[in-house]
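Two complexes, one shared chain (chain A), two partners (chain B, chain C).
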Partner chain A sequence: MDLSMYLLDLIVFIGIFSIMSLSLNLEYGFTGLPNFGKVVFFLIGAYSYALLSQAGVPFYICLIVGAIIAAVFGFLISLPALRLRIDYLAIVILTAGEIIRLIVKTEDWIGGGDWGTSVAPAIAISGTSPQVNILINIGLVYACLFICFVISRLLTNSPYGRTMRAIREDEVAAEALGKDRAKYKAQILMLGSAMAGLAGGLYVQYLHYVLPGMFMPIVTFTVWIMVLLGGPANCWGALLGACLVQIFDRGANLAKDLLTLPTDASNLQYILFGVLILLILIYRPQGLLKESAIKTRAINRIRKLKEPENNKGDYK
Partner chain B sequence: MDVNWLQVLVNSAVTGSLYLIASAGLTLIYGLCKFPYFAYAEYIALGAFIGYFVSEVMGVSLSGAFVISFLVVGAIGFLCYRGIFQPLARRGATIIHLMVASVALGLILRHLIPVFGDIFPVLEWSWSPSYFTADWAAFNLGSVRITGLWAWTVIAAIGLSIALHIMLTKSKIGKAIRATSSNPNLALASGIDVQKVIWITWSLGAGLAAIAGIFRGAETQVWPNTGWEMILPVFAVVMLGGIGNFYGAITAAFIVGLAENIGVVALTALGLSTSYRIGIAFIILIITLIVKPQGLAMLFRRS
Partner chain C sequence: MAETILKIENVCKHFGGVYAVDGVNMNIHEGGIWGLVGPNGSGKSTLFNTILGLHQPNSGDIYFKGQRTNKLSPHQIYDLGLVNAFQVPRLFPSMTVLDNMLVAARGQQGDGFFNSVFFREKWQKQEEELADEALDILELIELRKHISSLSGELSGGQRKLLEIGRGLMAKPKLLLLDEPAAGINPILGKRIFQKLQDLSHSGLTFLIVEHRLEILFEFASWIYVMDKGKTVAEGNPKDIVQEPAFYQAYLGK
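Now for the complex of A and B:
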């Protein structure tokens, strides 16, 4: 693979995982839900896409339906899980994810069991170079990413977003102010799951195949690193984290070919991931970018009034 | 279909014993530190690997492997707490941060095993599974088949239960562990060195995981995922027993063991794959958390 293909491939991966980290950022960063089973919604979106596209459904419907199925699953998990304590919630989602992967792996009639199945690309123009096909994929992925980003920004800057932060800071206080925390948490989990499902669909149509081995718990953990590194509760931070982690991942893969190490480099890569996360948690738990400030019209006006040069004549 | 129910019962006792040994340490750590410690899986794997090295490569007896593995992994458990979780706790990390840190630590330890194996080839540690070569005599009691390893697993579980019971109820440190687990501030106020109690519990818990690791490794295979393969059933046992409740864990271990073995029979009868065996523990875990998150603890509450 030449360099341009390699870079374009990296850009596609950054786009897909940015969607994942944006969705985890909504759940963990803003609402404080420890979703330790992120990968299962990714898997559901991926398999929905694979099965629907095999049935001949057009790609945009596959993506949307995959996202909806993932959201429904998120809702089903939220029914029992959200009334639980935070550590129980983490274990329940993790466990549910392992069960779903086990089912997909064991049942051969769902996408070929352990061996997986091939998936048709979303938009395939025959007779073009692979570069053009990748560029089409970049367009598709970044269009989806743009939509998810805009939704995240609008949502978190709205009164709804402030309720999310309130639930994260103090559930009981939020409930005392009349906010139904279970309802809010369920809605956020559904939205986050839908985004993850969308990312899953994009992922398998780009790779042209799907198999259970692609959805190991390590994927969840990679997304967690992205959010914690970039900065929880900051949408730009989620994008930054996704970029950095993917570049780090690729860099480690390149180093594997260039350096001769006494051991398998993929082991070292996971160890570095682990060390990175521990260092972040111990020395910079707020991530690289700090939490984005709340922006409302009222806050903007107060800020304007405080600045002396703008203080004159602005009595509107 | 003809099922040998006596055999199912014996198998359940063996599975339950293994889960009991594996969950005893986790329930103590979870009870004390109040967050699910996912890196516990790697203590199990490390225990299996160290036991494998000591007994198979160095040729020391299996009992020696248990002792060395217990001590080494116990020391690792102490270092992990001292180096990672104590600083985190002091900086006021949230429970989510502690959970993520434990996953990260698990990732590091799991992948360090093959790295060590590559750097020191004498260890014979790698991703490809290795097997304990000890030849366990299998004997038949009537229609029931028992291997020596199974018998030892059950004996070890019974011995461990008695030893931990005596330790928790009679010894000073055991009482201190229970006191700290139920109310750290009150324990501190009554002059218990809480820090020391936590250190001892983490070392003891890690050591117990190592013993479970050797039994699991001898029963199946030794590879870096040995621990991860059984960690969710172990969590199921801890949750069902009530976090931090050792007596609850004993009961829960045998319930989960029985459910798994009956479940295998049921799965075969239904024509489903027996790889769903592990799903039975998952279902128990989820139902416990939804219906009764405090587990069986109320059965063992002293008035």
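Now for the complex of A and C:
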């Protein structure tokens, strides 16, 4: 693979994982839901896409249906979310994810079991160069990313976004302030899961195959690092995190070919990931970008009113 | 006589063998400031939490404006207009003072998923009006110049004030206040009570737990006394100080 292909490939990966980190950012960063099962929804979207496209369904319907099926699972996960404390919820989601992966792995009728299956690309133009095909993929992935980003921004800069943060800060107080936390948690987990499902569909149609080994728990943790590094509760932070982690990942991959280590070099990446998480949590717990303030028309107007008279000590 | 807004009939709340609330009866009418006093541990805060739906009563009934609220969840009770300000403020520390206020407003259009993303025109005007109301309340509680500060950065007294302000922001019909004057300087405390009294003339009802009896008795129109989970006396502030049960509650027999 030449360098230009390598870079274009990196850009596709950054796009797909940006959608993942944006969705986790809505769940964890804004609403405080510790979704340690991100990879499940990624898997559900991926397999939905694979099976539907094999049945001859057009790609955009495959993507949308994959997202919807993932959202349904997101809703199911939100049910225990109401009863469990945050740490137990994290364990439940993590375990549920592994169970679903193992079912897919052992059941041969679901996408060929452990062997996986091939997936048709979303938009295939015969006779074009690989570069053009990858550019088509970039267009598709970034169009989806754009939609997810705009939805995230609108949602979080509204009274709804205020409620999301209130639930994160103190869910009992939010409930006592008239917020039906069950409803909000379900909606956010559904939206986040739909976005992850969409990313899963994009991922397998780009790689042209799907197999259970692509959906190990490490994917979840990679997305977590993206959010923690970029800055929870900041949509730009999610993009930055996805970008940096992908580059770091590729860098570590290249580095391991150049280094001679006394141990299996393919573990290097995971060791470095662990170190990276620790460094972030110790030295920059708020992430690279700090939490973005809520911006709505009303808030902007008050800011403007405040500015010119700031010196007089009167704020209207 | 004004209409009954909150009726509490024989409400009991037990925690294991502890009878925190053990047969409380109250009948609160619309308008005015109603006081609830009693020594520490007499069950006042537990009663508040039961009224708010944070605890389910073991027995007895609670009616708000004629509607039985026992089985309702806290957010449904809030939507009816029965609002509370916690004794220990429960603010959202990494949100600004203004956002803390706005989150409390009832009946917000922009608080729905689809409205927030697709129909922003629907709620932007409403939110601007709410923001103006929030500024007025913040003026009253002297937090106007801190609107952009994070609520976690406020001092203890300011947090207390913001907690009360947030309660007012909901435009409640009945506002429960648990020790509003505690931790606030006496002059401001009195000014707040004066303001509450003004608001009560416009139909808002307050039920206030307060240990600073001198302030409460100056403004309250009716006082309930609780002791060991029971309501032991009631009356207007002038008469209640004559009641033996009032002294017994505080001093023992």
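Criterion: the second predicted complex is superposed on the first by the 307 of 316 C-alpha atoms of A that agree within 3 Å, B and C clash if a C-alpha of one lies under 4 Å from a C-alpha of the other, contacts with A are read in each partner's own complex, and residues count from 1 in each chain.
In the analysis below, contacts are C-beta pairs under 8 Å (C-beta built on N, C-alpha and C of every residue); 3 or more make two chains touch, one makes a residue touch a chain.
Predicted model, so just to flag it, every value in this text is computed and none were measured.
Contacts of A:158 after superposition: chain C is touched, whereas chain B is not reached. Contact with neither chain B nor chain C is seen for A:201 once the two complexes are overlaid on the shared chain. Of the two partner chains placed by the overlay, only chain B lies in contact with A:84; chain C stays clear of it. Look at A:29: by the touch rule set out above, it reaches neither chain B nor chain C. By the touch criterion defined above, A:241 reaches neither chain B nor chain C. Contacts of A:230 after superposition on the shared chain: neither chain B nor chain C is touched. Look at A:116: by the touch rule set out above, it reaches neither chain B nor chain C. Listed in rising order, the residues of chain B touching chain A in the complex are 34-36, 84, 87-88, 91, 93, 95-97, 99-101, 103-108, 110-112, 114-115, 118-119, 232, 235, 239, 273, 275-276, 278-279, 282-283, 285-286, 289-290, 293.
Residues of chain A touching chain B in their complex: 28, 32, 34, 36, 80, 84-88, 90-92, 94-96, 98-99, 102-103, 105-106, 218, 221, 224, 228, 262-264, 267-268, 270-271, 273-275, 277-278, 281-282, 285. Chain A meets chain C in the complex at residues 151, 154-155, 158-163, 165-166, 169-170, 172-181, 187, 191, 291, 293-294, 296-299, 301-303, 306, 313, 315-316.
Those residues of chain C lying in contact with chain A across their complex are 52, 54, 73-75, 78-79, 84, 86, 90-96, 98-99, 102-104, 106, 108-113, 115-117, 120, 123-124, 127-128, 130-131, 135, 144-145, 147-148, 166, 170.
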